[in-house]
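Here is the structure we will look at.
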Amino acid sequence: MIRFENDYAEGAHPRILERLIETNYEQTPGYGRDEYCQKARELIQKACQAPDADVHFLVGGTQTNATVIASILRPHQGVISAISGHIFSHETGAIEATGHKVLTVPSEDGKINAAQVTELVRLHHAEAMPEHAVQPGMVYISHPTENGTTYTKEELTQLSATCRELGLPFFLDGARLGYGLVAENNDLTLADLAELCDVFYMGGTKVGTLFGEAVVITNNQLKKDFRYLIKQRGGLLAKGRLLGIQFETLFENDLYIELSKHAVSLAMRIREAFAAKGIAMRYDSNTNQQFPILPNTMIEKLNQTYSFTMWEAVDETHSVVRFCTSWATKEEYVEQLVEDLRKL
Amino acid sequence: MIRFENDYAEGAHPRILERLIETNYEQTPGYGRDEYCQKARELIQKACQAPDADVHFLVGGTQTNATVIASILRPHQGVISAISGHIFSHETGAIEATGHKVLTVPSEDGKINAAQVTELVRLHHAEAMPEHAVQPGMVYISHPTENGTTYTKEELTQLSATCRELGLPFFLDGARLGYGLVAENNDLTLADLAELCDVFYMGGTKVGTLFGEAVVITNNQLKKDFRYLIKQRGGLLAKGRLLGIQFETLFENDLYIELSKHAVSLAMRIREAFAAKGIAMRYDSNTNQQFPILPNTMIEKLNQTYSFTMWEAVDETHSVVRFCTSWATKEEYVEQLVEDLRKL
Amino acid sequence: MIRFENDYAEGAHPRILERLIETNYEQTPGYGRDEYCQKARELIQKACQAPDADVHFLVGGTQTNATVIASILRPHQGVISAISGHIFSHETGAIEATGHKVLTVPSEDGKINAAQVTELVRLHHAEAMPEHAVQPGMVYISHPTENGTTYTKEELTQLSATCRELGLPFFLDGARLGYGLVAENNDLTLADLAELCDVFYMGGTKVGTLFGEAVVITNNQLKKDFRYLIKQRGGLLAKGRLLGIQFETLFENDLYIELSKHAVSLAMRIREAFAAKGIAMRYDSNTNQQFPILPNTMIEKLNQTYSFTMWEAVDETHSVVRFCTSWATKEEYVEQLVEDLRKL
Amino acid sequence: MIRFENDYAEGAHPRILERLIETNYEQTPGYGRDEYCQKARELIQKACQAPDADVHFLVGGTQTNATVIASILRPHQGVISAISGHIFSHETGAIEATGHKVLTVPSEDGKINAAQVTELVRLHHAEAMPEHAVQPGMVYISHPTENGTTYTKEELTQLSATCRELGLPFFLDGARLGYGLVAENNDLTLADLAELCDVFYMGGTKVGTLFGEAVVITNNQLKKDFRYLIKQRGGLLAKGRLLGIQFETLFENDLYIELSKHAVSLAMRIREAFAAKGIAMRYDSNTNQQFPILPNTMIEKLNQTYSFTMWEAVDETHSVVRFCTSWATKEEYVEQLVEDLRKL
């Protein structure tokens, strides 16, 4: 079985494993106070052109989302998110478990826009007694989204400006950020994100590391005591250097970008192969996730060789499925898939 | 600087790293549903002689404590712990963040006993209006404790019987469990723990893995939906097989015991070296943590070569410090320390 | 200004005030352990034909909803509610503040049906990894709903059967229950509710008392330790007898039903007056809340004499508004309104 | 049975009941937005010489403590309290249920001092990794304390100065505040409290109202959005005017002080009667609670006529008990007790 079902099926890039072996017997202080973490922080600050940013390393995405969001909101506030946002539907209520509601706005493709945020906030404050409802307290987006789509610099700039005008910290979940940065239509840089967001993170889990998410906080007001929050939510790894070593490796010599390009170029070949068969896509994704609308009969055939994710039923005979590539996807697997599609 | 300050200063046992490399490009399902986790579960069930136990793998200890405790208690209940318990003082209120109070009992050496539990529960229910106070809902102990001490089978059996009589689930934090199992005075087996506890865990982080804690649930009532809880608290690792591979390696060929013996035998040599100098120990520890009461002048001298932890001041001229060994401690470092002590 | 804007604009029925005065200097034990509470409990058990039910008195509705729901759910579970449910939109995230998500189903008129519950639960468990989402753990409905609509015995029986089949405790918010029991199309009794629900409450605040909600728990499993929960959530009134006295008065001589009839008969006159003008109603309500769809010009005119609530805009020239009657509404005010409507 | 067991055994002062009756059929806006609340706010601002203070009315003490504390702290912070503080031991973990730990300091008589706060904070920040423990985030005291003792102006000034120096909001629980303000050794005014505290409250429940606590917030930073917090925690009474009417009555014509004096002068007579018998007091209380250390034989005799609270055992033959007076205590009851004591 060849797996295209997700982007975390394999381990880590070999250079990362090598570094773990080389450093294995070094003795370092715990909890991220080591030199590898320090080095990784500096590389990320540099990549973001944000020398004053605070950079923290956590283990996983759900943990990171809950930690960041709960560090920002007061008890009566909620976080605005697309209804398709990971925090709303795929994290077992981790946000609610910290006491906060996720305030959803509709989204067809995983993205939200500045006008939606403005309107939700306006409606809240237009209520006769707004204190009877959860107050919008910040904005969460994912980029790329859960649907593989991405924001343009223009869209992100508008969202950011709106958030600042409304006093809402703006948080970007970049679990798959690399795959967005190398998309063919991308016009955003890490420096843009550092400028436009108050806090964002770059996922390692899906882009070449064993695990790990790097949180970048640029808003000074959100920096205070963040390590306490990480510890309280169970995200402060004892052997914190493992995170430092991995992110140092990712951000040396542009490995992060290189790995991202690998995944996206293979995803584009899959997209083209479907297009060549006249298969439409559910979302217009230029990143590592592709969502073809397939006849159920084709799904059955492909399932004999490939694993991929059932996304949603379209009608009685068609369904949307998800194909993922990653930094580790073997070119030959994609070639085989392209060939198989051609023959179908 | 030679580090005896903690037991998580190095990486992982080489056999674990080898296995990570060998399996690196395999594609496995995420979130612990892979064959490595399954194999590790079976090895642990076998080691515990508990074929029906549920075994789950989490990343770190604070996360594991909060997840287990919050999975058991109702909102008005608290967890009984020694006042020195890790959950009370070293986890940034992670338990309280899930809504629960830690109900402390005094302890000189990190241990609590059955009579203390009985008395605390009796006093609660003897109140005219017990509903005005937090209800004791479960018992937490660590073994070995934060002070390096251990429970005997007799003590644990009494605690367990008391808990069952009082209807309190009994939870053992075994972050350093291996170091207890190989202590010279130990008369407990993993099978005993599985029999006496309702849920316990074995730490990997401090005994040879990069990270990871293996939770063993033997009480059927506590098994239900535990994966939801792990996910909600951010402990469900995407590449869950990393945990499976590590614990499989630990529990094959008794590596876990072998590594534990290494650390404890070195700790015993340190203990003897201090004893030879007439230095008393703060706690009677047969495990990998040693707590000598040192003249501050000696601390200063030792600090030029060795790092260790300041524990508490005794008087103006003496302090308790902590020396830790681990699976990774180099014999030559201990020999050098022993020699240096002899010369002092 | 004549107020039809809500059903809590006045104080309490005079018989209640009299009783408060008569008993004012009696000394009673605190926190609901007095004889008045005991008497009120018995009257309610009798009215519900549920001699084994536990009856508790809390101060307000939001408090009651949060206390009941948090007493039932485990941390990874959520409560199913209509999207228009009070707990979802009008309680400032009180449910989320206890750690739980509200899982919404669509509703046109405030009601939900058994098929919706079945489908939501089916979809959850049909997921490949259900543990990545909040597990449905109970069902919440309001009756009458926030839209004035009511459930039939047939509908409630189906919902109850579905909940029992699925293992979901079934909770009915009866903040306005009296107004439903006297509706012309009502075929439900208190005994039916006690039989069909696992827990429900009867609001006093909107039906004749100064404040207070009476929670009736019939499911034995939900009874345990409920007083702890009330205390923890701040709902255990020190002078608990104030609640006992009020509910005793309500349930002696059928005052509760008498007051409810007063409000609903006046609401029906308002409904007819609008109907006579050809005004349609947004919801088909037989209870004390009426939702006419009015031309904005008519709203402006009425607003000179009457206060009522803006509900939602329909189009540029029409809006839905809400008129409430209550146990205290003066007949002459309704007559004046009817007359004014006739003249418009 | 004559009850001295608590200070909430009776209803409310008759003037309050009269006002409730007079206003019963008025129609007012809900949730504290009525003119009675506004009037009461102004009277309290005036009494506190704090025209810019925010004044809010909640129903009960546990609710008020949890609402205020959770409105101030960030998730990783705890509240410093005497170990005898109400929030630590008598509120069923209401504070922990909002996610926060209560950080205790020892206390013999219910009071804490500035040096204790300074030392606790110093120790926290002196840790090598303070982020592994809960950060002290504010200070809670009660005045009078649970032991009837009171702070002097000098003591409160020092505590306040220390809190401001350390950046810790200072919160005073005045559930029995009136009884402190009229104590013979009192040198504090409401204006002093408004000056020295960041937020405090005056209890009505124990000083003449049916229920209700008036929160006074003088620190501008703590004012924001407080109504949301009240609503979320279930403390926003629908018929909010009931609170306004009661507090307006209390603060007109100094009724609050008058009632407090009544209770305290009777408590002093009880104290003297015990002193005349050579009975020592457990705490040096000048307020409405008295804690004589009685032979158990005397307790038995007194119990035939009087109810009072068992506080703690001293030795096998002596116990501390608590006698409470209140605004409602009948002089004749105290005379009878004094006479009975004389005869014993």
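Just so it is clear, A, B, C and D label the chains in written order, and each chain counts residues from 1 on its own.
Heads up, the rule we're going with is that contacts are C-beta pairs under 8 Å (C-beta built on N, C-alpha and C of every residue); 3 or more make two chains touch, one makes a residue touch a chain.
Quick caveat, the model's predicted, so the values are computed rather than measured.
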item	value
Centroid-based (C-alpha) most distant chain relative to chain B	C
Of A-D and C-D, whichever chain pair has more C-beta contact pairs	C-D
Distance from chain D to chain C - Cα centre to Cα centre, in angstrom	34
Where chain A and chain D are represented by their mean Cα positions, the distance between them in whole Å	49
Contacts with 2+ other chains: residues of chain C	75-76, 91-93, 97-99, 131-132, 228, 231-232, 236
Touch list for chain C against partner chain A, complex	75-76, 78, 89-93, 96-101, 128, 131-134, 309-310
Complex contact set, residues of chain B against chain A	1-3, 5-6, 8-12, 14, 17, 20-21, 23-30, 59-64, 66-67, 91-94, 97-98, 205-206, 210-211, 228, 231-239, 242, 328
Residues on chain A engaged by chain D in the complex (per definition of touch)	31, 70-71, 74-76, 98-99, 129-132, 135, 225, 227-232, 236
